[in-house]
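Both complexes below contain chain A, partnered by chain B and then by chain C.
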Partner chain A sequence: MIELLPHIVNGLTLGLLFALIALGFTLIVGVMEVINLAHGSLFALGAYFALATIGGDWFASTEFGIWWLGLPIGTRYATALAVGPLLAAASGMAIELCLRPTYGKAPLYGLLLTFGAALVVEEVIRLVWGTGEQNLSVPQAINGAFLMGGLIFSKYKFFAAAFALAAIALVWVFLERTPYGAIIKAGSHDSEMVRALGYDLSKLRLLVFGFGAALAGLAGIILAPIWGLRPHIGLDVVIPAFLIIVIGGVGSFWGAVLAALLVGMSVGITGAYAPAWSMMSMYLLLIAVVGFRARGLLGRKSALEN
Partner chain B sequence: MSNSRISRRALLGTAAAAGGLTAFAGPWKHNRVWAQATDKPIRIGITSDASGQYANSGASDRRGMMMAISEVNDRGGVLGRKIEVTHIDTETTPATGSRVAERLISREDCGFLVGAVSSGVANAISQVAQRNGVIYLNTNSSSPTESGKNCHRVKFVWDGNGTNFAKAAVRNSIDAYGGKVLLLTNDYVWGHDTAKSTRALVEQYGGEIVDEILIPQGTRDFSAALLKIQQDNPAVVAAAVGGDDQIALRQQVAQLGMGAKPAWINNQQDWPDVYGLPLDNLFGVFGTTWYYGLDLPGVKEFVERYQAMYPDTSMRVPGNVFYNGYMATSELLKAIERAGSTNNIAIIKELEGHVMPAAERMQHDDAVIDPLTHQVQQSIYLATANDEPRDENDMFKILTQSSPQDVRDEGALEACKLESYEDTPTFDA
Partner chain C sequence: MISLSDIPARGGSPFTRSMGLFVLLLLTAPFWLEPIGLYQYLGMEIAIWILFALGFNLLFGYAGLHSFGHGAYLGIGAYAFGLFQQNVTLNLWGGLLAAIAAATLAGAIVGAFVSHRRGIYFALMTIAFGQVFWFAAIKLHSVTGGEDGLLGIPRPNLVVGPLKLDISDNRTLYWFVTIVLLVAVLALWRLVNAPFGRVLQAIRQNETRARFVGYNVWLIKWLTFVVSAGFAGLAGGLFAMAQESAYPDVMSLHQSGLIVMMVLVGGGLVSFWGPVFGVLLYFIARDIIGGLTETWLLWFGLMFVIMVMVRPEGLAGLFHVLRTCLPPGPRKAVGPAAHPGRA
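Presenting the complex of A and B:
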């Protein structure tokens, strides 16, 4: 059991990171019923915007650049945590504007459009930042390692997990305790009624897509120092995010969080004791959950089940 | 009487059928004539990965091939014929590799296939190539099986393989750090074959394998494996993890400060996987076939030609993957010239046993294409992170060099059974 404990802790931290990845995805699916295949590209874009903000190579020779690069890495990193998601949100909103003609049509149109958007974003990243591996710097305070129970753990991994936990809590507060959150939730439940009450549904969708994209970008900034940063990093994100929302129940906030923790635990523990099965364990979990409960762990009951 | 008359419909039908046949026979006949003419371009199909785990290395591989082809075309081509290329992404996926090879041969009229980083993909491509008699150059995949049990008469393997690199590294590491070795193995053909070679060598030199951790392709979080390594407490970790997986592994090991203890042997280190990373990510010792910092004639000019051809590439100096892509393509075109024909059997015979002088290959030893396995036997270098770099590109410090005979893969020699010339379809490109 003592041998297992570090792997349980590791699985939980991994689960929180998966939850951060899935948060924006589940929000967009829940409210807009659009499977956003560009989620991974927005994830990558957020990290690349953060890279540009922290590194500042493109304005390094200007007076502002010299001043900026003279600031401590902590200040630049904190700024990047705001700038990256904001620019990812703007990019997400641009995708949503392109999506509008597909509303009310077969879901395949939206799926194809977001798939195309993912390819475009990835190519733009290649053109702007190149194809090679990039390194997103983090402040020294959260870098390095620490000893716990005679084992070395990454400080950054725990920072990232704590950050993910805070982000989950803030998103929950936003959705549950603010009037904006109430409108978003209402929009996911009955968009026609929201429109009938006088809310601008187009604006709501634009903001939700932007919010989901910002969360994807934020996840990208947090995960890039662990997973590395390359133009196609988004591909590594879409499949786990999709699995998590299906396991948790499409559109369910806590379902996604619970599913992410389960996926993290299964990947973390099999990674230690049956490593060849660690990636496969996600899919086995999906089969097990959907096999017994088609709507996912906390998904809403379908009208067909009544 | 009326029954014997040809109706208008029958006439039109016959005319349409005749037209169709003419249209079919016409181009076919035209192509036959064209094939004999000297102005028909020689078409090479590039089968490098542009997406998936080895997308980055695939791009470097492709740049190497393109530079070799560009240089030859600038000199007027081969046998008076220009070289044309078609590239299709093999997606680091064996099934896609098969489809791409089929398409390049049957629809794009390619007489040669070049390129691979993933051994699984290379194996899939080479099966299609052998069926069609099309010469295939496996430029950069380094599973021992590629020149062992999966060898083919049409396939030539240009990179050092897992056994070559393990031979160069394992004994030194056991002597220096002790015999408790843990294998960290990418869960596909190259990882398994390299781990198998490493295991045999460790046991041969009196060491012990304490555990083997399999890493599925596409793994991005190595924390579970790294915790397990700490619990197993080996003296040496022999890692056969490649591509993007390896990049993520390196970053996470560096974050934990585990790069120095245990000692790491990273079987082979492809340049595109580490270029631009912080130096602390480049822990352990690793093998390579070439480095731009080798103090040998021709290296400087080669780097200058690379920089002139690719002024906008973020990778400012060529690495081993580019080098292999360049050398393989260049030697293929020279073999066509020597053969004086594009007949596949004639070219295969030119390549088999061909000795490439060290000066031409910018290595320390002459290299030879083994006629029994079709693998290039060449110098193998052992390197580590350079703590005194001349500039930001100078990331490797070469520790030792091994001559081809010292690191020869005897296992591949035993396992390889090349098809006979008679069993290989004759093909004229």
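Presenting the complex of A and C:
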């Protein structure tokens, strides 16, 4: 049991990080009934925008750039944590505007359009940032490793897990304890009624998509130092997010969190016995869960089933 | 929006004008490919992908089952062909049969899991299974050669009765692929214009109603999945011969998504020939835009996004609308879609 401990801790942190990725995804699926395959691309965009903000090579020669690069990394990192998600949200809103002609048609079209958008974003990233792997630097305070009970743990992983936990809590408070959250939840429950009550549905969708994209961008910044940054990370990341949504039940907040922890744990524990096959376990988990419960663990009926 | 069933099925003889044009293009391709600046191998590649796309459209366009993991069966066919040549015996027909059998078997197993699903859940399950196969192909080093794949797959001689032909150069192999493709196209044409094809369309339009009419929907969906996987396997066997190798890349989600894009852009949802346009467009984009700029996938992706936004029926739908709009003559107008809003 004790030798399994690091793997369990690993699995738990991985699960929390997966939950962070899946949050924005589930929000968008719930309200818009669009499977946003570009979610991973927004994740990548957030991280790349943060990279551009922290590194700042492209404006380094200007006076502002010299002053900016002279600032401590902590300040620059904190700024990037705000800039990245904001720009990702703007990109997400642009995708939402493109999605509008597909509303009311089969959900397949939304899926296909976002797949195309994912391709486009990936190529744009290649064009702007190059094809190589990049590193997002983080402040010294959260870098490095520490010892606990004779085992070595990475400080950054704990920071990331704590951050994910905080983000999950904040999103929950936003959805459950604010009037905006009430409107969003109502929109995912019965969008016609929300429109009848006088809320602008297209504005709501735009904002929800932007919010989901910002969460994706945030997840990208947090995860980039762990997974590395490469142009095709979008497609690598969207698959787990996607599996988690299906396992947890489409549009369910706690379903997504629960499924993310399950997936993280199963990857972590298979990692102990067969490291090469650890990523396979999440697909098998999906097949097992969805084979028996079509709507996932905590899912409810949705238009996507047609 | 129009759909497949709004275009009157011709049924009967497959020898229509479109078929004639298709055969003509295929048979003359080796003579004009090089003069217009392309190369022989491209013709073969396109023919193989047309075979794959047409088989896929049986599932995607006709039955309305949106599989996002179909590259897996192409890959399985390719591996089966290669393993047969390397471990059993050097035989063309044996290899192709092994490719079809392996893909059919995989399709039968996966089909049993996914056939009671529909819509997005079907797509999700096919993605998951596609990823499992892709992952297995990468990790089973001893069988598949891992990320590099199987290399040095031979192109065995074509033996028909007493006849023995060497098809190892690109041009003769092209002829062989073309003949296989034509046989497959005729078979698929018969299949979709037979009552079976009509039942598929009924399932696409309203599965519940098809079940109440008395069809065993599960069995028909499963069969369609299996047949479609079998065609993918055949295409995979040919692909292994063309590439002289088999590798996991064709099984990735990326490739499986590309085939969906090709079929949709071409108009597989509204026409039997849609996938052909889509494959042609993709390879033209790859070779011509790809010759001009490194980022051809960006432009192809943008074109695809715009297509989904303004004309989700694809190229074939566009041709159909143009044809019905231009001459005000006696041509029958397109009737209203049976189920507006559903494709």
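One rule holds in what follows: the second predicted complex is superposed on the first by the 299 of 306 C-alpha atoms of A that agree within 3 Å, B and C clash if a C-alpha of one lies under 4 Å from a C-alpha of the other, contacts with A are read in each partner's own complex, and residues count from 1 in each chain.
Definition applied: contacts are C-beta pairs under 8 Å (C-beta built on N, C-alpha and C of every residue); 3 or more make two chains touch, one makes a residue touch a chain.
All values derive from a computational prediction rather than experimental measurement.
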- Superpose on chain A as described above, then tell me if chain B and chain C fit or clash. clash
- Task: Name the contact category of A:Tyr156: first (chain B only), second (chain C only), both, or neither.
- Result: first
- Message: Output check: A:Ala117 vs chain B and chain C. Expected answer is one of first, second, both, neither. What do you get?
- Response: second
- Message: On the A-aligned overlay, A:Gly291 touches which partner chain: chain B = first, chain C = second, or both, or neither?
- Response: second
- Thinking of the overlay built on chain A, is A:Pro275 touched by chain B (first), by chain C (second), by both, or by neither? first
- Would you sort A:Phe242 into first (chain B), second (chain C), both or neither based on which partner it touches? second
- Item | Touching partner for A:Ala106 - first (chain B), second (chain C), both, neither | second
- After superposition on chain A, which segment of chain B among 9-17, 45-53, 63-71 or 99-107 overlaps with chain C? 99-107
- Shared chain A footprint, chain B vs chain C, residue numbers 235, 276, 279-280
- Query: Which residues of chain B touch chain A in the complex?
  - Reply: 51-52, 55-56, 59, 187, 213-216, 218-221, 223-228, 230-231, 244, 247-248, 251-252, 255-258, 272-278, 313-315
- Item | Residue ranges of chain C touching chain A (in the complex, touch as defined) | 1, 66, 113, 117-121, 123-125, 127-129, 131-132, 135-136, 139, 253-254, 257, 260-261, 264, 295, 297-298, 300-302, 304-305, 308-310, 312, 341-343
- Message: If we count contacts the way the header does, which residues on chain A are in touch with chain B in the complex?
- Response: 3, 6-7, 10-11, 13-14, 17, 130-135, 143-145, 151-157, 225-228, 230, 232, 235-236, 267-272, 275-276, 278-280
- Report the residues of chain A in contact with chain C in the complex, numbered from low to high. 35, 98, 101-102, 104-109, 111-113, 115-117, 119-120, 122-124, 126-127, 235, 239, 242-243, 246, 250, 276-277, 279-280, 283-284, 286-287, 290-291, 294, 304-306
